[in-house]
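The letters A, B, C and D name the chains in turn, as written, and every chain counts its residues from 1.
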(Lines give C-alpha, C1' and ligand atoms only; values in the text may rest on other atoms or scores of the structure.)
Protein backbone atom coordinates (compact mmCIF):
# COMPACT_ATOMS: atom_id res chain seq x y z
CA UNK A 1 0.00 0.00 0.00
CA UNK A 2 1.53 3.27 -0.98
CA UNK A 3 1.71 5.83 1.78
CA UNK A 4 -1.11 8.26 1.21
CA UNK A 5 -3.68 5.85 -0.17
CA UNK A 6 -7.19 6.65 0.94
CA UNK A 7 -10.55 4.90 0.91
CA UNK A 8 -13.85 6.75 1.22
CA UNK A 9 -17.16 5.30 2.34
CA UNK A 10 -20.64 6.85 2.46
CA UNK A 11 -23.20 5.22 4.73
CA UNK A 12 -26.93 5.85 5.14
CA UNK A 13 -27.93 7.45 8.46
CA UNK A 14 -29.39 4.23 9.71
CA UNK A 15 -28.29 2.28 12.76
CA UNK A 16 -26.64 -1.01 11.83
CA UNK A 17 -24.58 0.49 9.01
CA UNK A 18 -21.82 1.31 11.48
CA UNK A 19 -20.97 -2.38 11.09
CA UNK A 20 -20.20 -1.83 7.40
CA UNK A 21 -17.76 0.98 8.23
CA UNK A 22 -16.30 -1.22 10.94
CA UNK A 23 -15.54 -3.99 8.43
CA UNK A 24 -14.07 -1.56 5.94
CA UNK A 25 -11.78 -0.06 8.57
CA UNK A 26 -10.80 -3.49 9.88
CA UNK A 27 -9.78 -4.70 6.46
CA UNK A 28 -7.80 -1.55 5.76
CA UNK A 29 -5.97 -1.94 9.08
CA UNK A 30 -5.29 -5.60 8.29
CA UNK A 31 -3.76 -4.60 4.94
CA UNK A 32 -1.50 -2.22 6.83
CA UNK A 33 -0.37 -5.00 9.15
CA UNK A 34 -2.02 -3.98 12.44
CA UNK A 35 -2.37 -6.74 15.03
CA UNK A 36 -5.75 -8.33 15.72
CA UNK A 37 -5.96 -6.59 19.10
CA UNK A 38 -5.48 -3.17 17.60
CA UNK A 39 -7.96 -3.96 14.85
CA UNK A 40 -10.56 -4.85 17.49
CA UNK A 41 -9.89 -1.51 19.21
CA UNK A 42 -10.27 0.34 15.92
CA UNK A 43 -13.48 -1.51 15.07
CA UNK A 44 -15.16 -0.46 18.30
CA UNK A 45 -13.94 3.14 17.96
CA UNK A 46 -15.13 3.41 14.34
CA UNK A 47 -18.49 1.82 15.19
CA UNK A 48 -19.06 4.26 18.07
CA UNK A 49 -18.07 7.24 15.93
CA UNK A 50 -20.47 6.16 13.18
CA UNK A 51 -23.31 5.55 15.64
CA UNK A 52 -22.84 9.08 16.99
CA UNK A 53 -22.78 10.52 13.47
CA UNK A 54 -25.95 8.60 12.56
CA UNK A 55 -27.84 9.30 15.80
CA UNK A 56 -26.64 12.66 17.03
CA UNK A 57 -25.05 14.33 14.00
CA UNK A 58 -27.56 13.31 11.34
CA UNK A 59 -30.39 12.53 13.77
CA UNK A 60 -31.32 9.40 11.82
CA UNK A 61 -32.33 11.57 8.85
CA UNK A 62 -32.60 9.30 5.84
CA UNK A 63 -31.69 12.08 3.46
CA UNK A 64 -28.25 12.55 5.02
CA UNK A 65 -25.28 10.25 4.81
CA UNK A 66 -22.26 9.68 7.00
CA UNK A 67 -18.81 9.99 5.40
CA UNK A 68 -15.91 7.84 6.48
CA UNK A 69 -12.48 8.64 5.09
CA UNK A 70 -9.65 6.20 5.82
CA UNK A 71 -6.18 7.48 5.01
CA UNK A 72 -2.92 5.64 5.37
CA UNK A 73 0.52 7.02 5.86
CA UNK A 74 3.70 5.09 6.56
CA UNK A 75 2.90 4.25 10.12
CA UNK A 76 -0.62 5.36 10.86
CA UNK A 77 -4.20 4.94 9.81
CA UNK A 78 -6.37 8.05 10.13
CA UNK A 79 -10.15 7.66 10.10
CA UNK A 80 -12.42 10.67 9.81
CA UNK A 81 -16.14 10.19 10.46
CA UNK A 82 -18.07 13.14 9.08
CA UNK A 83 -21.70 14.08 9.63
CA UNK A 84 -24.06 16.92 8.80
CA UNK A 85 -24.56 18.09 12.36
CA UNK A 86 -22.91 20.98 14.14
CA UNK A 87 -20.44 18.77 16.00
CA UNK A 88 -19.72 17.84 19.56
CA UNK A 89 -19.46 20.50 22.21
CA UNK A 90 -18.61 18.28 25.17
CA UNK A 91 -15.33 16.51 25.84
CA UNK A 92 -15.42 12.76 26.43
CA UNK A 93 -15.71 11.85 30.09
CA UNK A 94 -15.09 8.54 31.81
CA UNK A 95 -18.29 6.77 32.85
CA UNK A 96 -18.85 6.57 36.60
CA UNK A 97 -20.11 3.04 37.07
CA UNK A 98 -21.12 3.66 40.68
CA UNK A 99 -23.34 6.58 39.69
CA UNK A 100 -24.75 4.57 36.79
CA UNK A 101 -25.51 1.65 39.11
CA UNK A 102 -27.37 3.95 41.46
CA UNK A 103 -29.37 5.59 38.71
CA UNK A 104 -27.57 8.92 39.18
CA UNK A 105 -26.02 8.87 35.71
CA UNK A 106 -27.56 7.84 32.37
CA UNK A 107 -26.49 4.24 31.68
CA UNK A 108 -25.55 5.45 28.19
CA UNK A 109 -22.92 8.06 27.37
CA UNK A 110 -19.90 5.81 26.97
CA UNK A 111 -19.23 6.13 23.24
CA UNK A 112 -16.84 9.08 23.21
CA UNK A 113 -15.01 7.70 26.23
CA UNK A 114 -14.45 4.36 24.51
CA UNK A 115 -13.32 6.02 21.29
CA UNK A 116 -10.73 8.07 23.13
CA UNK A 117 -9.59 5.14 25.25
CA UNK A 118 -9.18 2.73 22.33
CA UNK A 119 -7.28 4.75 19.73
CA UNK A 120 -4.00 6.66 19.87
CA UNK A 121 -5.61 10.01 19.06
CA UNK A 122 -9.21 11.22 18.92
CA UNK A 123 -10.22 14.79 18.14
CA UNK A 124 -13.69 16.18 17.65
CA UNK A 125 -14.11 19.08 15.23
CA UNK A 126 -17.16 21.31 15.08
CA UNK A 127 -17.86 22.65 11.64
CA UNK A 128 -20.58 23.84 9.33
CA UNK A 129 -23.03 21.12 8.24
CA UNK A 130 -21.22 18.36 6.39
CA UNK A 131 -17.98 19.40 8.01
CA UNK A 132 -18.26 18.22 11.58
CA UNK A 133 -16.10 15.21 12.19
CA UNK A 134 -14.19 13.10 14.62
CA UNK A 135 -10.66 12.17 13.62
CA UNK A 136 -9.20 8.93 14.92
CA UNK A 137 -5.60 7.80 14.59
CA UNK A 138 -4.00 4.42 15.24
CA UNK A 139 -0.24 4.00 14.90
CA UNK A 140 1.66 0.95 13.79
CA UNK A 141 4.55 1.46 16.20
CA UNK A 142 2.23 1.57 19.16
CA UNK A 143 1.04 -2.00 19.31
CA UNK A 144 -0.13 -1.83 22.92
CA UNK A 145 -2.47 0.65 24.51
CA UNK B 1 -30.74 -2.48 9.88
CA UNK B 2 -29.82 -3.81 13.27
CA UNK B 3 -29.35 -7.50 13.88
CA UNK B 4 -31.75 -8.93 16.45
CA UNK B 5 -30.60 -10.35 19.76
CA UNK B 6 -31.68 -13.84 20.64
CA UNK B 7 -31.77 -14.79 24.31
CA UNK B 8 -32.14 -18.36 25.52
CA UNK B 9 -32.43 -19.49 29.12
CA UNK B 10 -30.96 -22.61 30.66
CA UNK B 11 -30.02 -23.83 34.16
CA UNK B 12 -26.79 -25.37 35.38
CA UNK B 13 -25.42 -26.51 38.73
CA UNK B 14 -23.19 -24.14 40.68
CA UNK B 15 -20.05 -25.58 42.24
CA UNK B 16 -21.28 -24.31 45.61
CA UNK B 17 -24.55 -26.19 45.10
CA UNK B 18 -27.86 -24.84 43.94
CA UNK B 19 -28.96 -23.79 40.50
CA UNK B 20 -27.56 -21.09 38.25
CA UNK B 21 -29.72 -19.46 35.59
CA UNK B 22 -27.83 -18.80 32.38
CA UNK B 23 -29.09 -16.25 29.88
CA UNK B 24 -27.27 -16.93 26.62
CA UNK B 25 -27.18 -14.12 24.08
CA UNK B 26 -26.71 -14.52 20.36
CA UNK B 27 -26.61 -11.93 17.59
CA UNK B 28 -25.69 -8.32 18.27
CA UNK B 29 -25.93 -6.37 21.52
CA UNK B 30 -27.00 -2.86 20.53
CA UNK B 31 -29.76 -0.33 21.21
CA UNK B 32 -32.10 -2.78 19.48
CA UNK B 33 -31.49 -5.38 22.21
CA UNK B 34 -33.43 -3.67 25.01
CA UNK B 35 -36.63 -5.71 24.81
CA UNK B 36 -34.81 -8.99 24.24
CA UNK B 37 -32.41 -8.57 27.17
CA UNK B 38 -34.56 -6.82 29.75
CA UNK B 39 -37.58 -8.90 28.66
CA UNK B 40 -35.66 -12.14 29.29
CA UNK B 41 -34.40 -10.80 32.61
CA UNK B 42 -37.84 -9.68 33.78
CA UNK B 43 -39.23 -13.06 32.76
CA UNK B 44 -36.94 -15.00 35.11
CA UNK B 45 -38.74 -16.69 37.95
CA UNK B 46 -38.38 -15.03 41.32
CA UNK B 47 -36.18 -17.79 42.67
CA UNK B 48 -33.35 -17.09 40.25
CA UNK B 49 -30.67 -15.59 42.44
CA UNK B 50 -27.53 -16.70 40.65
CA UNK B 51 -27.53 -15.43 37.10
CA UNK B 52 -24.86 -15.81 34.43
CA UNK B 53 -24.84 -13.92 31.15
CA UNK B 54 -23.32 -15.97 28.33
CA UNK B 55 -21.84 -13.84 25.52
CA UNK B 56 -20.23 -16.73 23.63
CA UNK B 57 -22.57 -16.33 20.68
CA UNK B 58 -22.17 -12.57 20.41
CA UNK B 59 -19.63 -10.89 18.16
CA UNK B 60 -20.76 -7.27 18.08
CA UNK B 61 -21.45 -5.19 21.17
CA UNK B 62 -21.71 -1.42 21.12
CA UNK B 63 -21.97 1.14 23.91
CA UNK B 64 -25.77 1.34 23.68
CA UNK B 65 -25.86 -2.42 24.18
CA UNK B 66 -23.50 -2.18 27.14
CA UNK B 67 -25.86 0.43 28.63
CA UNK B 68 -28.65 -2.18 28.55
CA UNK B 69 -26.44 -4.66 30.39
CA UNK B 70 -25.74 -1.96 33.00
CA UNK B 71 -29.49 -1.32 33.28
CA UNK B 72 -30.00 -4.99 34.04
CA UNK B 73 -27.19 -5.02 36.61
CA UNK B 74 -28.76 -1.99 38.26
CA UNK B 75 -32.08 -3.82 38.58
CA UNK B 76 -30.32 -6.95 39.85
CA UNK B 77 -28.49 -4.82 42.40
CA UNK B 78 -31.77 -3.28 43.57
CA UNK B 79 -33.30 -6.72 44.04
CA UNK B 80 -30.86 -7.30 46.87
CA UNK B 81 -30.86 -11.06 46.21
CA UNK B 82 -29.48 -11.52 42.72
CA UNK B 83 -25.83 -11.88 41.76
CA UNK B 84 -24.86 -11.62 38.11
CA UNK B 85 -21.73 -13.03 36.45
CA UNK B 86 -20.53 -12.79 32.89
CA UNK B 87 -18.66 -15.24 30.64
CA UNK B 88 -17.86 -15.87 27.00
CA UNK B 89 -16.70 -12.33 26.14
CA UNK B 90 -13.79 -12.04 23.72
CA UNK B 91 -10.59 -10.59 25.20
CA UNK B 92 -11.44 -7.29 23.46
CA UNK B 93 -14.86 -7.02 25.06
CA UNK B 94 -13.51 -8.16 28.44
CA UNK B 95 -11.24 -5.14 28.17
CA UNK B 96 -14.09 -2.85 27.12
CA UNK B 97 -16.37 -4.06 29.94
CA UNK B 98 -13.52 -3.49 32.39
CA UNK B 99 -12.86 0.00 31.00
CA UNK B 100 -16.40 1.06 31.78
CA UNK B 101 -16.23 -0.60 35.21
CA UNK B 102 -18.79 -3.39 34.81
CA UNK B 103 -16.38 -5.83 36.48
CA UNK B 104 -17.08 -4.01 39.74
CA UNK B 105 -20.70 -5.20 39.66
CA UNK B 106 -20.50 -8.47 37.73
CA UNK B 107 -17.73 -11.05 38.05
CA UNK B 108 -16.22 -11.75 34.65
CA UNK B 109 -15.16 -15.29 33.75
CA UNK B 110 -13.49 -16.79 30.71
CA UNK B 111 -15.97 -19.58 30.10
CA UNK B 112 -18.93 -21.44 31.54
CA UNK B 113 -16.85 -23.95 33.51
CA UNK B 114 -14.92 -21.21 35.29
CA UNK B 115 -18.09 -19.24 35.90
CA UNK B 116 -19.92 -22.24 37.41
CA UNK B 117 -16.88 -23.09 39.54
CA UNK B 118 -17.08 -19.61 41.04
CA UNK B 119 -20.87 -19.55 41.38
CA UNK C 1 -32.19 -2.07 6.77
CA UNK C 2 -34.66 -0.10 4.77
CA UNK C 3 -35.13 -1.26 1.23
CA UNK C 4 -33.18 1.16 -0.91
CA UNK C 5 -30.30 1.85 1.45
CA UNK C 6 -27.01 2.26 -0.34
CA UNK C 7 -23.35 2.38 0.62
CA UNK C 8 -20.67 3.89 -1.59
CA UNK C 9 -16.96 3.18 -1.49
CA UNK C 10 -14.06 4.76 -3.38
CA UNK C 11 -10.82 2.79 -3.61
CA UNK C 12 -7.40 3.76 -4.92
CA UNK C 13 -6.36 2.01 -8.16
CA UNK C 14 -3.91 -0.17 -6.35
CA UNK C 15 -3.94 -3.95 -6.13
CA UNK C 16 -4.74 -5.18 -2.64
CA UNK C 17 -7.55 -2.68 -2.09
CA UNK C 18 -10.01 -5.11 -3.66
CA UNK C 19 -9.89 -6.76 -0.23
CA UNK C 20 -11.34 -3.63 1.36
CA UNK C 21 -14.30 -3.66 -1.06
CA UNK C 22 -14.66 -7.38 -0.41
CA UNK C 23 -15.03 -6.78 3.34
CA UNK C 24 -17.47 -3.94 2.84
CA UNK C 25 -19.64 -6.06 0.56
CA UNK C 26 -19.44 -9.05 2.90
CA UNK C 27 -20.61 -7.04 5.86
CA UNK C 28 -23.47 -5.49 3.88
CA UNK C 29 -24.57 -8.97 2.75
CA UNK C 30 -24.34 -10.23 6.34
CA UNK C 31 -26.58 -7.36 7.50
CA UNK C 32 -29.12 -8.43 4.86
CA UNK C 33 -29.05 -12.00 6.13
CA UNK C 34 -27.25 -13.82 3.32
CA UNK C 35 -25.76 -17.21 4.20
CA UNK C 36 -22.00 -17.61 4.65
CA UNK C 37 -21.76 -19.56 1.39
CA UNK C 38 -23.37 -16.82 -0.61
CA UNK C 39 -21.23 -14.20 1.12
CA UNK C 40 -18.10 -16.14 0.06
CA UNK C 41 -19.38 -16.18 -3.53
CA UNK C 42 -20.04 -12.44 -3.41
CA UNK C 43 -16.61 -11.73 -1.90
CA UNK C 44 -14.80 -13.47 -4.73
CA UNK C 45 -16.99 -11.81 -7.38
CA UNK C 46 -16.50 -8.33 -5.89
CA UNK C 47 -12.74 -8.87 -5.53
CA UNK C 48 -12.41 -9.99 -9.17
CA UNK C 49 -14.50 -7.04 -10.38
CA UNK C 50 -12.36 -4.60 -8.40
CA UNK C 51 -9.11 -6.17 -9.61
CA UNK C 52 -10.30 -5.76 -13.20
CA UNK C 53 -11.31 -2.14 -12.58
CA UNK C 54 -7.92 -1.43 -10.97
CA UNK C 55 -5.79 -3.29 -13.54
CA UNK C 56 -7.67 -3.05 -16.82
CA UNK C 57 -10.12 -0.16 -16.38
CA UNK C 58 -7.87 2.27 -14.51
CA UNK C 59 -4.59 0.64 -15.57
CA UNK C 60 -3.14 1.03 -12.07
CA UNK C 61 -3.24 4.82 -12.48
CA UNK C 62 -2.83 6.36 -9.05
CA UNK C 63 -4.82 9.42 -9.99
CA UNK C 64 -7.98 7.39 -10.67
CA UNK C 65 -10.21 5.67 -8.18
CA UNK C 66 -12.58 2.74 -8.38
CA UNK C 67 -16.19 3.29 -7.28
CA UNK C 68 -18.19 0.57 -5.59
CA UNK C 69 -21.89 1.17 -5.01
CA UNK C 70 -23.79 -1.36 -2.92
CA UNK C 71 -27.56 -1.03 -3.02
CA UNK C 72 -30.10 -3.09 -1.17
CA UNK C 73 -33.67 -3.77 -2.06
CA UNK C 74 -36.07 -6.15 -0.33
CA UNK C 75 -34.52 -9.31 -1.61
CA UNK C 76 -31.36 -8.46 -3.47
CA UNK C 77 -28.00 -6.79 -3.11
CA UNK C 78 -26.75 -5.00 -6.21
CA UNK C 79 -23.04 -4.12 -6.45
CA UNK C 80 -21.75 -1.83 -9.18
CA UNK C 81 -18.00 -1.59 -9.68
CA UNK C 82 -17.18 1.49 -11.72
CA UNK C 83 -13.90 2.47 -13.36
CA UNK C 84 -12.56 5.16 -15.67
CA UNK C 85 -11.85 2.87 -18.60
CA UNK C 86 -13.92 2.30 -21.68
CA UNK C 87 -15.39 -0.96 -20.44
CA UNK C 88 -15.25 -4.59 -21.41
CA UNK C 89 -15.80 -5.61 -25.00
CA UNK C 90 -15.54 -9.37 -24.56
CA UNK C 91 -18.07 -11.67 -22.93
CA UNK C 92 -16.87 -13.92 -20.11
CA UNK C 93 -15.78 -17.34 -21.32
CA UNK C 94 -15.19 -20.53 -19.35
CA UNK C 95 -11.51 -21.35 -18.91
CA UNK C 96 -10.35 -24.45 -20.80
CA UNK C 97 -8.11 -26.17 -18.28
CA UNK C 98 -6.75 -28.63 -20.86
CA UNK C 99 -5.60 -25.82 -23.11
CA UNK C 100 -4.16 -23.96 -20.13
CA UNK C 101 -2.30 -27.08 -19.01
CA UNK C 102 -0.79 -27.44 -22.46
CA UNK C 103 0.25 -23.82 -22.69
CA UNK C 104 -2.29 -23.12 -25.46
CA UNK C 105 -4.29 -20.65 -23.36
CA UNK C 106 -3.07 -17.92 -20.97
CA UNK C 107 -3.22 -19.35 -17.44
CA UNK C 108 -4.98 -16.09 -16.48
CA UNK C 109 -8.33 -14.89 -17.83
CA UNK C 110 -10.65 -16.46 -15.26
CA UNK C 111 -11.96 -13.37 -13.47
CA UNK C 112 -15.02 -12.60 -15.55
CA UNK C 113 -15.92 -16.27 -15.71
CA UNK C 114 -15.81 -16.58 -11.92
CA UNK C 115 -17.84 -13.40 -11.46
CA UNK C 116 -20.58 -14.68 -13.74
CA UNK C 117 -20.52 -18.15 -12.22
CA UNK C 118 -20.73 -16.96 -8.61
CA UNK C 119 -23.49 -14.33 -8.63
CA UNK C 120 -27.09 -14.45 -9.81
CA UNK C 121 -26.60 -11.75 -12.43
CA UNK C 122 -23.53 -10.06 -13.92
CA UNK C 123 -23.66 -7.44 -16.65
CA UNK C 124 -20.80 -5.42 -18.09
CA UNK C 125 -21.59 -1.91 -19.32
CA UNK C 126 -19.33 0.11 -21.59
CA UNK C 127 -19.57 3.82 -21.02
CA UNK C 128 -17.67 7.05 -21.19
CA UNK C 129 -14.74 7.36 -18.74
CA UNK C 130 -16.03 7.10 -15.19
CA UNK C 131 -19.14 5.37 -16.40
CA UNK C 132 -17.98 1.87 -17.33
CA UNK C 133 -19.11 -0.64 -14.80
CA UNK C 134 -19.98 -4.21 -14.00
CA UNK C 135 -23.24 -4.79 -12.15
CA UNK C 136 -23.54 -7.83 -9.90
CA UNK C 137 -26.71 -9.06 -8.23
CA UNK C 138 -27.21 -11.65 -5.51
CA UNK C 139 -30.71 -12.58 -4.39
CA UNK C 140 -31.85 -13.60 -0.96
CA UNK C 141 -34.36 -16.18 -2.20
CA UNK C 142 -31.73 -17.98 -4.22
CA UNK C 143 -29.59 -19.47 -1.49
CA UNK C 144 -27.93 -22.05 -3.74
CA UNK C 145 -26.20 -21.57 -7.04
CA UNK D 1 -0.76 -3.17 -1.00
CA UNK D 2 -0.73 -6.89 -1.55
CA UNK D 3 -0.09 -9.26 1.30
CA UNK D 4 2.98 -11.45 0.79
CA UNK D 5 2.79 -15.20 0.42
CA UNK D 6 4.91 -17.30 2.70
CA UNK D 7 5.80 -20.81 1.57
CA UNK D 8 7.31 -23.41 3.87
CA UNK D 9 8.45 -26.88 2.88
CA UNK D 10 8.15 -30.07 4.89
CA UNK D 11 8.14 -33.82 4.20
CA UNK D 12 5.68 -36.46 5.34
CA UNK D 13 5.20 -40.17 4.76
CA UNK D 14 2.75 -41.27 2.10
CA UNK D 15 0.41 -44.14 2.96
CA UNK D 16 1.76 -46.01 -0.05
CA UNK D 17 5.30 -45.59 1.28
CA UNK D 18 7.90 -43.08 0.26
CA UNK D 19 8.10 -39.40 1.01
CA UNK D 20 5.69 -36.62 0.15
CA UNK D 21 6.89 -33.03 -0.14
CA UNK D 22 4.42 -30.55 1.28
CA UNK D 23 4.52 -26.88 0.26
CA UNK D 24 2.47 -24.98 2.83
CA UNK D 25 1.23 -21.55 1.83
CA UNK D 26 0.31 -18.74 4.20
CA UNK D 27 -0.90 -15.23 3.48
CA UNK D 28 -2.68 -14.32 0.25
CA UNK D 29 -2.46 -16.05 -3.13
CA UNK D 30 -2.54 -13.26 -5.71
CA UNK D 31 -0.52 -11.88 -8.60
CA UNK D 32 2.11 -10.95 -6.01
CA UNK D 33 2.67 -14.64 -5.17
CA UNK D 34 4.47 -15.66 -8.36
CA UNK D 35 8.05 -15.59 -7.05
CA UNK D 36 7.12 -17.16 -3.72
CA UNK D 37 5.17 -20.05 -5.23
CA UNK D 38 7.16 -20.79 -8.38
CA UNK D 39 10.41 -20.08 -6.53
CA UNK D 40 9.57 -22.65 -3.86
CA UNK D 41 8.51 -25.13 -6.53
CA UNK D 42 11.68 -24.64 -8.59
CA UNK D 43 13.75 -25.01 -5.44
CA UNK D 44 12.46 -28.54 -4.71
CA UNK D 45 15.09 -31.21 -5.04
CA UNK D 46 14.80 -33.33 -8.16
CA UNK D 47 13.68 -36.39 -6.25
CA UNK D 48 10.42 -34.81 -5.12
CA UNK D 49 7.81 -36.66 -7.14
CA UNK D 50 4.86 -36.54 -4.77
CA UNK D 51 3.95 -32.96 -3.99
CA UNK D 52 1.11 -31.63 -1.84
CA UNK D 53 0.05 -28.00 -1.70
CA UNK D 54 -1.28 -27.03 1.73
CA UNK D 55 -3.70 -24.07 1.64
CA UNK D 56 -4.75 -24.30 5.30
CA UNK D 57 -3.08 -21.00 6.16
CA UNK D 58 -4.53 -19.10 3.22
CA UNK D 59 -7.73 -17.10 3.38
CA UNK D 60 -7.67 -15.01 0.23
CA UNK D 61 -7.09 -16.41 -3.24
CA UNK D 62 -7.88 -14.51 -6.42
CA UNK D 63 -7.90 -15.55 -10.06
CA UNK D 64 -4.38 -14.23 -10.69
CA UNK D 65 -3.17 -16.40 -7.83
CA UNK D 66 -5.03 -19.41 -9.21
CA UNK D 67 -3.26 -18.78 -12.54
CA UNK D 68 0.08 -19.19 -10.74
CA UNK D 69 -1.06 -22.52 -9.28
CA UNK D 70 -2.04 -23.60 -12.82
CA UNK D 71 1.39 -22.53 -14.07
CA UNK D 72 2.99 -24.77 -11.47
CA UNK D 73 0.72 -27.70 -12.37
CA UNK D 74 1.66 -27.20 -16.02
CA UNK D 75 5.36 -27.44 -15.16
CA UNK D 76 4.73 -30.48 -12.94
CA UNK D 77 2.81 -32.11 -15.79
CA UNK D 78 5.69 -31.45 -18.18
CA UNK D 79 8.16 -33.05 -15.76
CA UNK D 80 6.44 -36.37 -16.42
CA UNK D 81 7.36 -37.61 -12.93
CA UNK D 82 5.63 -35.28 -10.48
CA UNK D 83 2.11 -35.65 -9.14
CA UNK D 84 0.53 -32.72 -7.28
CA UNK D 85 -2.31 -32.86 -4.77
CA UNK D 86 -4.07 -30.08 -2.90
CA UNK D 87 -5.54 -29.88 0.61
CA UNK D 88 -6.71 -27.35 3.16
CA UNK D 89 -8.89 -25.26 0.85
CA UNK D 90 -12.12 -23.88 2.33
CA UNK D 91 -15.31 -25.32 0.81
CA UNK D 92 -15.68 -22.06 -1.16
CA UNK D 93 -12.24 -22.33 -2.75
CA UNK D 94 -12.69 -26.07 -3.36
CA UNK D 95 -15.72 -25.02 -5.40
CA UNK D 96 -13.80 -22.28 -7.21
CA UNK D 97 -10.86 -24.60 -8.03
CA UNK D 98 -13.34 -27.16 -9.35
CA UNK D 99 -15.15 -24.51 -11.44
CA UNK D 100 -11.93 -23.70 -13.28
CA UNK D 101 -11.11 -27.41 -13.67
CA UNK D 102 -8.00 -27.70 -11.50
CA UNK D 103 -9.35 -30.91 -9.96
CA UNK D 104 -8.67 -32.59 -13.32
CA UNK D 105 -4.92 -32.10 -12.83
CA UNK D 106 -4.52 -32.09 -9.04
CA UNK D 107 -6.40 -34.34 -6.64
CA UNK D 108 -8.19 -32.24 -4.04
CA UNK D 109 -8.37 -33.48 -0.43
CA UNK D 110 -10.02 -32.10 2.65
CA UNK D 111 -7.00 -32.24 4.95
CA UNK D 112 -3.47 -33.51 5.29
CA UNK D 113 -4.46 -36.93 6.67
CA UNK D 114 -6.76 -37.63 3.72
CA UNK D 115 -4.18 -36.34 1.28
CA UNK D 116 -1.41 -38.54 2.72
CA UNK D 117 -3.71 -41.56 2.76
CA UNK D 118 -4.23 -41.10 -0.96
CA UNK D 119 -0.58 -40.30 -1.76
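Methods note: a residue touches a chain if its C-beta (ideal position, glycine included) is under 8 Å from a C-beta of that chain, and two chains touch if they have at least 3 such contacts.
Quantities reported herein were computed from a predicted structural model and do not represent experimental measurements.
Asker: Starting from the defined contact criterion, work out which chains touch chain A and chain C both, please.
Answerer: The common neighbours are B, D.
Asker: Between chain A and chain D, what is the gap in Å from one C-alpha centre to the other?
Answerer: About 41 Å, centre to centre.
Asker: For chain B and chain D, what's the span in angstrom between their mean Cα positions?
Answerer: 46
Asker: Using the average of all C-alpha atoms in each chain as its centre, how far is it in Å between chain A and chain B?
Answerer: 26
Asker: At least two other chains touched by the same residue of chain B: list those residues.
Answerer: In chain B, 1, 3 touch at least two other chains.
Asker: Multi-chain contacts in chain C: which residues touch at least two other chains?
Answerer: Residue numbers touching two or more other chains: 1-2, 5, 14, 16-17, 19, 22, 31.
Asker: Once you've mapped the touching chain pairs, tell me: line, ring, star, complete or other?
Answerer: other
Asker: Which pairs of chains touch each other?
Answerer: Pairs of chains that touch one another: A-B, A-C, A-D, B-C, C-D.
Asker: Sort out for me which residues of chain C touch chain D in the complex.
Answerer: Those residues of chain C that touch chain D are 14-19, 22, 37, 40-41, 44, 47-48, 51, 95-98, 100-103, 106-111, 113-114, 117-118.
Asker: Applying the document's contact rule, which stretches of chain A touch chain C when the two form their complex?
Answerer: 1-2, 5-12, 14, 16-17, 19-20, 22-24, 26-28, 30-31, 62
Asker: Within their complex, state which residues of chain B touch chain C.
Answerer: These residues of chain B touch chain C: 1, 3.
Asker: If we count contacts the way the header does, which residues on chain A are in touch with chain D in the complex?
Answerer: 1-2, 5, 31-32
Asker: Can you tell me which positions in chain B touch chain A when the two form their complex?
Answerer: Those in contact with chain A are residues 1-3, 28, 30-32, 60, 62-64, 66-68, 70-71, 73-74, 77, 90-92, 96, 99-102, 104-105.
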